[in-house]
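Both complexes below contain chain A, partnered by chain B and then by chain C.
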Partner chain A sequence: MNTRLALSLAAASLWHRRRVLSLVCLTLTLSVTLLLGIQYLRTEVKQSFTSTISGTDVIIGARSGQLNLLLYTVFHLGDPTNNIRWSTFQQLKQDQRIDWLIPISLGDSYQGYRVIGTDDAFLEHFQFGRGQALQLAQGRWFEGVFDVVLGANVADEFNHRVDDRIVLSHGGGRTSFSNHDDTPFRVAGILGSTGTPVDQAVYISLAGMEAMHVGWQSGVAVPGRTLTPEQAEGREFTPTAITAAFAGLERQILTFQVQRALNQYTGEPLTAILPGVALSELWRLMSQFERALLGITGFVVIISLLGLAAVLLTLQAQRAHEIAVLRATGASPGLVALLYVIEAVFLAIVACGLALMLGAVAVSALTPWLQAAYGLQVQLRPLTTMEWGLLVSVPVAALLVALIPAFRTWWQSRSLGLGDTAES
Partner chain B sequence: MASTKNYSPQPTVDADRALATTGLTYCWGPGQPTLSFPDLNLSTGEHLFLRGASGSGKSTLLSLLSGMLTPASGSVRMLGASLDQLSAGARDRFRADHIGVIFQQFNLVPYLTAEANVTLPCRLSNQRRDATDPEPAQEAHRLLTALDIPKDCWRRKVTQLSIGQQQRIAAARALIGGPNLILADEPTSALDSDNRDRFLDLLLTLAEARNTSVVFVSHDRALAQHFDHQVTLEGAAR
Partner chain C sequence: MHAAKLRPLLLPLLIASPIAVSAENPTAHQHGHAELQLALSGQTVELYALSPAYNLLGFEHEPRTSEEHQVVDTTIAWLHETPLINTLGLNCTIQASEVRYAFAGDHSHHGSEHESENKGKHESHTDIEISQTLTCPDLDAASLLSSPMGSRFSALEHLEIAWTGPDGQGSLRLERGETSFQLGR
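After this line comes the complex of A and B, so read on.
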């Protein structure tokens, strides 16, 4: 078989038909970009998702489901079912097996973002990603009762700086009718961006949480009973309850033992979850959806390949004379069929190359937006084996698709006379 | 001058025979009438005019001669080889090496330049490439010049050229590398009379210079005078 001749003829033929074929190539490029992009985002989102919390061995909350506890403590989604008594928290602090505890107190909001009451342990022990600690981008961690530290996205959205005064709202939701107008907070610091839900919350001390609720009954401030900031200074505020706690253990090997002990805690009904296990369970729920998405995209690629086959078959009618000339000049049916295969595979390879470039450009262009809008950290990285596999499968599929017109041509040209075209 | 006669098969060594057929028949399919053809016998360098009304099986005969189809019975001998005994692949190679073809129209590969169309046989057959002097490109230039194709058309896409020019380029392709036989299937029917005579004249002159036989199919009696031999197809079978 004269492969060099086939290659040069295929090249000339592709160039000759570049207008039609570039449209086919574009369709194929877009669908491959979609396929590759979704597969890429899938792994990146999973990576970003599983890196929302790290270093925390156990999350402790009131008795509820594992996913519910994970969602309202880590992802700020949904509402806590109940609280943990402050005395219980104090007892847990005495536990020898527990190294550190971060208290989490929820209930208020700032412009739709959660207010989290906590203490210094949060800055010290909370980790995300691969064990990265929190960093303050500006200012310092809260010290006074009415100090607040903002997550990166919150500061960004409202353009807040250190020393700004902000008023927190009672309860959740973007529009709240009861604000803590009497007790404005001072921005003490702003956290660096983490690409996790940490960026989408504001942090105050447990004392601040208590102080702003003095004089409140049934969700409304009773006039004249609330505190002024001056009155609050110097007073001791002890919470009666918190919502949940993140715990780090002395020895990780005791994790399951501690979890069981906490679940059987006699003082009050508690639930202890392992964040890693809960995250993977949550991801399993979502993976049904993302697998369906990948499947749909696969079909998009198959449809564009069928489009390629349709175009090749349509072109075949136009090429009848050219094929007759080649056959008369002594070209074998195999050479003629090879032309189709080379052309289709070449188009697929070009489409894959373009899709790679388009994908890289799209990822680098969308990274800041994904980070800002969804808190997703997506970075350019080399493709995984599976992604290379997907990419390689496209030219292979194109080869299979091209075999349809190739075989048709080969079959017809065996039984056609000199100068005959299949259509006549 | 034209002479109308059928040639009887010659059992002698036919290496110098450009073409010899015996008892050729062909059937396009079950239920179709069987076409039978007169025997042809052509010495190297001789030309044959094959005349017949449409439907008389002219194109079928050319397909049999070129090895594109195999006969139901009978044999095609060319340069000492029996075409019908060869495999399909060997017939394709034989055609590439020894036969040039000119069609009525749509003779050229539309995405190649005039020059690339002419040198196409040299890329399919080493034998014809080796027969060019010194390179396919030079011979193509000589042929194109001889066939009166302006130099600025050589590198142009063939679809931009006139029908007359396209037919002459097809003739150059059939002639390059000095094949033993040229099969021309009504190559002049799309041309006006001036162009037709010039085309035929150039084709036969250049073929003689290369000692190439031409089998020329046409329904146009007026052209028969240019040929040594003439055969009329009865075409009654269809």
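After this line comes the complex of A and C, so read on.
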């Protein structure tokens, strides 16, 4: 069989039916883009999700579930069940197995964003992504009692700059009627964007957290008992409790031993979790949804391929005259059947190529919006093995689909009884 | 990832979150379910496994008959001698191992068994704890690993594996019949 002849005939046939086939190709392109896009986003979202925190070996909080502790310390979701004593935190600092500890104190908010009381260790040791450290985009880390550092999104949303004054609210929620009006905070710095929940919080010192609650009882400020910033200067503020602590260990191989020891801590009931393990578990629970989404998209591609088969079968009825001419000029039944296969595979390859280009343009265009609206760091990257597999499966599936009209044509061509003169 | 957007998806998970053990609480005990914790550093793996005795022995009461004693002896010997994870080349070797089983008594093959602290307190449930220190020369972040536990113990339905190492932390679950896995985030 002459391959060059088959290819030139197929090219002429495709060009002749370009209007109908371009619509089929467009349908296939969109469905492959959808399939590839879902798989691509699935990988990127997982990467973004599991990169929320890194470098922290253990998160320690009051007795709770591991997902609960993870959600309120890392994702700022839900509320803590209890606090841990400051004395416990101090004892943990003496533990030789623990390299560093970041205290986390929650409870207040700024315009709906969490206020996190912490210390210098947060800037020094907290990491996200693949071990990326926090960077200050403007100003410096808090030094004074009433200094505050803003997450990137908080600063963006309220257009804050260094040295702005802000008033924090007592308790959580976007609308609060209990504000710490007597103790406004000065914006000392603004953190660089991380694409993680870090961008959506404001950070103050533990002393600041204590100072603004002096004179507060039952969630209300008692008139005359609160401190002014001037009165607070020079005073020592020591917390009695904190919400949780992030810990880095001297030797990672001891992580599970330390976790077991902390979970059996006799001083008070504690829960120690491994953030990476908890994130994996959380993702595993959510992965049912993404698998369902991928399955639905797979069906979209199958439907498009069936559409391609339907078009080829419809065209087949209109090509009876063309096939008779081909057979009369010496084309074998095999060559005629091969034309259908070549045309279908060519259309699928073109659709895959267009889908790749469309996907790349879409990812490039949507990246800033995904970052701003959802905090997702989606980047243009080479396709994974699985994504290449999905892409290659489309022309293969098109080849299989094309076998239906190809076989029919081959069978009908043989019945024309013109012999197999072009077979070689 | 923004917390507010995730809230509707994640909050229901709080209800399902498991409670961690503490000094006052007995360890969770679920037949068919076992936990495996792996701490990796270079070629060394510190391994800890916790399983209800039922999964590994087929019973949880104190062994009474000679057959039951033989099952205990055979199983504990196997747990001592078999790396509970291995690389594809089966190159992991045990540097140290310890098996904790409340009724090991004098019937064990090795001298390092320790009686469980729970002995006598929760006789209706018994756990087996295994600690191993492994050396795996061909271990790296992309290694395909396997665990012989699922194929050795038919009563084991789920093996929950948590790991930590230089490439981060993670967890995965091996269902019945699954033996191989890869550590990856």
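Points to keep in mind about this one:
Convention: the second predicted complex is superposed on the first by the 415 of 424 C-alpha atoms of A that agree within 3 Å, B and C clash if a C-alpha of one lies under 4 Å from a C-alpha of the other, contacts with A are read in each partner's own complex, and residues count from 1 in each chain.
Here is the rule we use: a contact is a pair of C-beta atoms (placed from the backbone, for glycine too) under 8 Å apart; a residue touches a chain by one contact, two chains touch by 3 or more.
Every value quoted in this text rests on a predicted model; they were computed, and no experiment measured them.
In the superposition on chain A, A:Thr73 makes contact with neither chain B nor chain C.
After overlaying the two complexes on the shared chain, residue contacts for A:Ser205 are found with neither chain B nor chain C. By the touch criterion defined above, A:Ser332 reaches chain B but does not reach chain C.
In the superposed model, A:Ser193 makes contact with neither chain B nor chain C. Look at A:Ser109: by the touch rule set out above, it reaches neither chain B nor chain C. When both complexes are overlaid on chain A, the residue A:Asn2 reaches chain B alone and has no touch with chain C.
By the touch criterion defined above, A:Ala12 reaches chain B but does not reach chain C.
With both structures placed on the common chain, the touch criterion links A:Ser54 to chain C but leaves chain B unconnected. Within the superposed three-chain arrangement, the count of touched residues of chain A is higher for C, of the candidates chain B and chain C. In the superposition on chain A, the residues of chain A contacted by chain B and by chain C do not overlap at all. Those residues of chain A whose C-beta lies close enough to touch chain B in the complex are 2, 5, 9, 12-13, 15-17, 321-322, 324-333, 414, 416-420. Every residue of chain B that touches chain A in the complex is listed here, in rising order: 59-60, 62-63, 66, 68-69, 88-89, 92-93, 95-97, 99, 101, 103-104, 106-112, 116, 120-121, 123-125, 173, 183, 185. Residues 45, 48-50, 52, 54, 57, 63-68, 71, 75-78, 153, 195-197, 200, 251-257, 263-266, 269-277, 279-282, 284-286, 289, 373-376 of chain A are the ones touching chain C in the complex. Note for the complex: chain C touches chain A at residues 1-7, 9-11, 13-14, 16-24, 37, 39-41, 44, 46, 48, 162-166, 168-173, 185.
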